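The next block holds one structure in the form of structure tokens; read it before the comments.
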Amino acid sequence: MSAAPTLPVEQPPGAWALLVNGIVHENPVFRLALSLCPAVAVTTTVANGIILGIAVLAVQVLSSVTVTLARNAIHPRVRIPVYTIIIAVWVSAIDMALAAFAPALYAQVGLYVKLIVAFAIIISRLEVFASRQPLVPTFFDGLGMGLGFLVALVLIGAVRELLGAGALLGFTVLPVRPLLFFALPAGGFFTIALLMAFFQYLERRGGGKPRAASAGGGHHG
Amino acid sequence: MADRRRPVFPPGAQALVPVLLLVLGLVFVPRLAPPVRAASAPTLKARVQPPDRVRLTFDAPVTDLAPGNFRVAEASAPDAPLTVSAVEPAAHGVTLVLASPLRRTARYDVRVADPPLRTVAAPALWMILVSVFLSSALIQNFVFTRYLGLCIFFGVSKKVGTSVGMGITFTAVMIATAAFAWVMDTWVLRPMHLGFLQVLVFIGAVACVVQFLDTMLRKTHPVLHKSFGVYLVLITTNCIILAVPLLNAQGQVSFAEAMALALGSGSGFALALFLMSCARERLELARVPQAFQGLPIAFALAGLFALAFMGFSGLDFFR
Amino acid sequence: MSELVHIDGVPRERPSPAEVARIAFNLTVVCLLGGVVLGGVYVGTERIEAAGRLAGERRALGELLSLREGEPLLVVEQSLDAAHDAVVYRASTWGDEHGAAREQAFTLDGTPRSSAPGEVRTLTPLGRMFVAGTPAAPRGFVLEGESRGYKNRIRFFVALDAQFTVCGVRVLEHEEDPGLGAEVATRAFLGQYLGRDSASIARLDVTRDPLPEDWRAALAALANTEPGPWQQAHAALLARESAQPVHAVTGATISSRALTSGVKRTIEHFRRRWALVRPWLEGTS
């Protein structure tokens, strides 16, 4: 995978660098092109994006912390099954918590919250980072990745809600609905296409080397 | 160490696998058929003939052909009978004409007062299965309208050959997983009120099936394993596989419907992969603006396909 | 895509028994711990979820029936008995789960049937009805109904006044597409049901014709006004439109039809069942 994260193992970077890395340089959605399903599926409104983003953030941080604390007790041979179980447990827990505390929002994203268990982004962070690093950097790495995901979802959700319904966070901000198309299934694909192209454009203008997106991306999940 | 690698099973054990499948089939197939009533009792069969007719066949002597002798109601509200406006004699039975239109997909509770007979007019099993299949493959295509499995979708849709292999592997795993998960959900989780373990059990089911298929293929068909094995390992981290059992559990469907959903979703995914890979092979030759190269243009392409698939949304053969 | 390919696929040495035991122990501990964590979370959240659902329903009921704080509400649960030969009605006061509940079964043609005590029954729920006021002088009703929408079931409440005229519809649960089918849950669409009496409901149908301009403007205003004052302000328009079919949401005819037929069926079943249970409720309350 061309976009395989290449953080030095010996010397973990500082907390701020890890956060920025997750949000900007290795943004799970726009840069690593991982875990795209919910990015298109639930982002018809900002609120949906926020709730799923928070769920992913919580699952990522909790599983990263669990794995890093238990990393010496986990037998390397059954590493992946154990990670999967850990993720599944946290996903179920978050799922139940959301159903209890935010039932109205949960009703719209329920299926996709359960599907977080199959997100490649989470298990790949466990494998490449949490299993090798101490608690503090792992926590910030998980936080950064989760925030990156949250930011991406909110961004996509904002574009789609504004263009599709003329509203933001449920409040009408435009007198009309500019393009209903963006609220529809197909609109999600176009939104991501446009946003990705925009970031790629910025990067080329900035003289940076094109990364994952132009190479076709990494892709599991 | 290679010479120490012996098959896990004794050689004859492989022959047991088809036997095992057969036994499973024999256990399940009878469950698909509706329960049979006592053989000696007079029988009544009813079939809905849209728009407003119900065809009854019976082997009992029904002499009273007044509309009042027959009672038709929706199975979901049997206490609210529909008005039978006329009864027309027909071969081995009668045809009831109702005052209001009937739906082909609904279940109706049909009774005769004298002699006391009752039955349920339900759509034929094949109709349900075909409509579940079509709905999951086309109308609610996993990739284009439910947005599932996107990462794999964009990852492997660059070459037609790969995408076909992936589609086949996926469909097979989906069916196996859905069967396993259905059994677990219906016979273990729901009776014991362990619904909160759903995700854990289903992801376990996926992992088990993938592992099992991987081992099986490697031991029995090394050539097949060589060409499909690489996709198998990608499957565990894919939401599309997990979504099928979750959807089945949500709808609490029958085993046959669960299988139809798995087959339909798998075929729909394979179709989406095939279409996309064909288009992307052409894209290689196209001049794409720099900013759009790579994934962005692939997303736009998927958006176009999704638009096209919206055209299926009114499709319904049996409504 | 290398880092996830560790699951299997490479020939490995067979592990020693001690190692197998360690692996098994490892997995068992993880599963047990996971089970314990999940069980704990489940026990912790289940009650909150149930309480939240009840509070949400109560709020919806209060708004639909304009209930005063603490006003009693009669809940009648309807279910079908195992043999599908009778409908069992169970009446209780809202919020008083352990209070006196009375139960009565009626056969399909409406004759009361006594149920043997201690009988093991598997009942199929047929939804609930909520009655404000007393059975003798009801002030209003809310009926719970559901219908199969485009994607999944649509669950809704229909509120009727004492004359069985619709005074509110609220969609509680749906999974229709945002921008298309989800529009049927908006106040503007649901406003089309307001003020329809039994005769209008009996003829209720869906049309794909566009909304007349004045009716569209009136429905759009419903987003910011309460149904009661709105109905008074648009009485003439309502009188004209309640003879017309419901106008489907553009691009979501299936969802519109599903909800409309569900509302129609729910009201028709209710009228039949209410005639049956009203004397019983009056006699026992």
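Note that the chains take the letters A, B and C in the order they are written out, and that residue 1 is the start of every chain.
Criterion: a contact is a pair of C-beta atoms (placed from the backbone, for glycine too) under 8 Å apart; a residue touches a chain by one contact, two chains touch by 3 or more.
The structure displayed is predicted, hence computed values, not measured ones.
*Asks:* On the document's contact criterion, could you list the chains that touch chain A and likewise touch chain B?
*Replies:* Touching chain A as well as chain B, we find C.
*Asks:* Measuring between Cα centroids, which chain is at the maximum distance from chain A?
*Replies:* In terms of C-alpha centroids, the chain at the greatest distance from chain A is C.
*Asks:* Looking only at C-beta pairs that count as contacts, which pair of chains has more of them, B-C or A-C?
*Replies:* A-C
*Asks:* Where the centres are mean C-alpha positions, what is the separation of chain A from chain C, in Å?
*Replies:* Chain centroid spacing, chain A to chain C, equals 34 Å.
*Asks:* Using mean CA coordinates as chain centres, what's the chain B-chain C distance in Å?
*Replies:* 27
*Asks:* Residues of chain A touching 2+ other chains?
*Replies:* Only 80-81, 85, 88-89, 92, 96, 120, 123, 184-185, 218-220 qualify.
*Asks:* Please list all residues of chain B that touch 2 or more other chains.
*Replies:* Counting only residues that touch two or more other chains, chain B contributes 155, 196-197, 200, 234, 236-237, 250.
*Asks:* Can you pull out the residues of chain C that are in contact with at least two other chains?
*Replies:* Within chain C, the residues that touch at least two other chains are 1, 4, 7, 34, 38, 41-42.
*Asks:* Could you pull out which chain A residues touch chain B in their complex?
*Replies:* Contacts found on chain A: 33-41, 80-81, 84-85, 88-89, 91-92, 95-96, 111, 114-115, 117-120, 123, 184-190, 192-194, 196-198, 200-201, 204, 210, 213-221.
*Asks:* Provide the residue numbers of chain B that touch chain C in the complex, in ascending order.
*Replies:* Interface residues on chain B, with respect to chain C: 1-2, 4-5, 71, 73-81, 109, 140, 155, 196-197, 200, 210-211, 214-215, 229-230, 232-234, 236-237, 250-251, 313-314.
*Asks:* For a test of understanding, state which residues of chain B touch chain A in their complex under the given definition.
*Replies:* Contacts found on chain B: 144-152, 154-156, 158, 196-200, 203-204, 207, 234, 236-239, 241-243, 246-247, 250, 289-300, 302-304, 306-307, 310.
*Asks:* Give the list of chain C residues in touch with chain B in this complex.
*Replies:* Interface residues on chain C, with respect to chain B: 1, 4-5, 7-9, 11, 13-14, 34-35, 38-39, 41-42, 80, 84, 87, 106, 108, 110, 126, 150-152, 253-254, 265, 268-269, 272-273.
*Asks:* What does chain A use to touch chain C in their complex?
*Replies:* Listed in rising order, the residues of chain A that touch chain C are 1, 4, 44-45, 73-75, 77-82, 85-86, 88-89, 92-93, 96-97, 99-101, 103-104, 107-108, 120, 123-124, 127-128, 164-165, 180, 183-185, 218-220.
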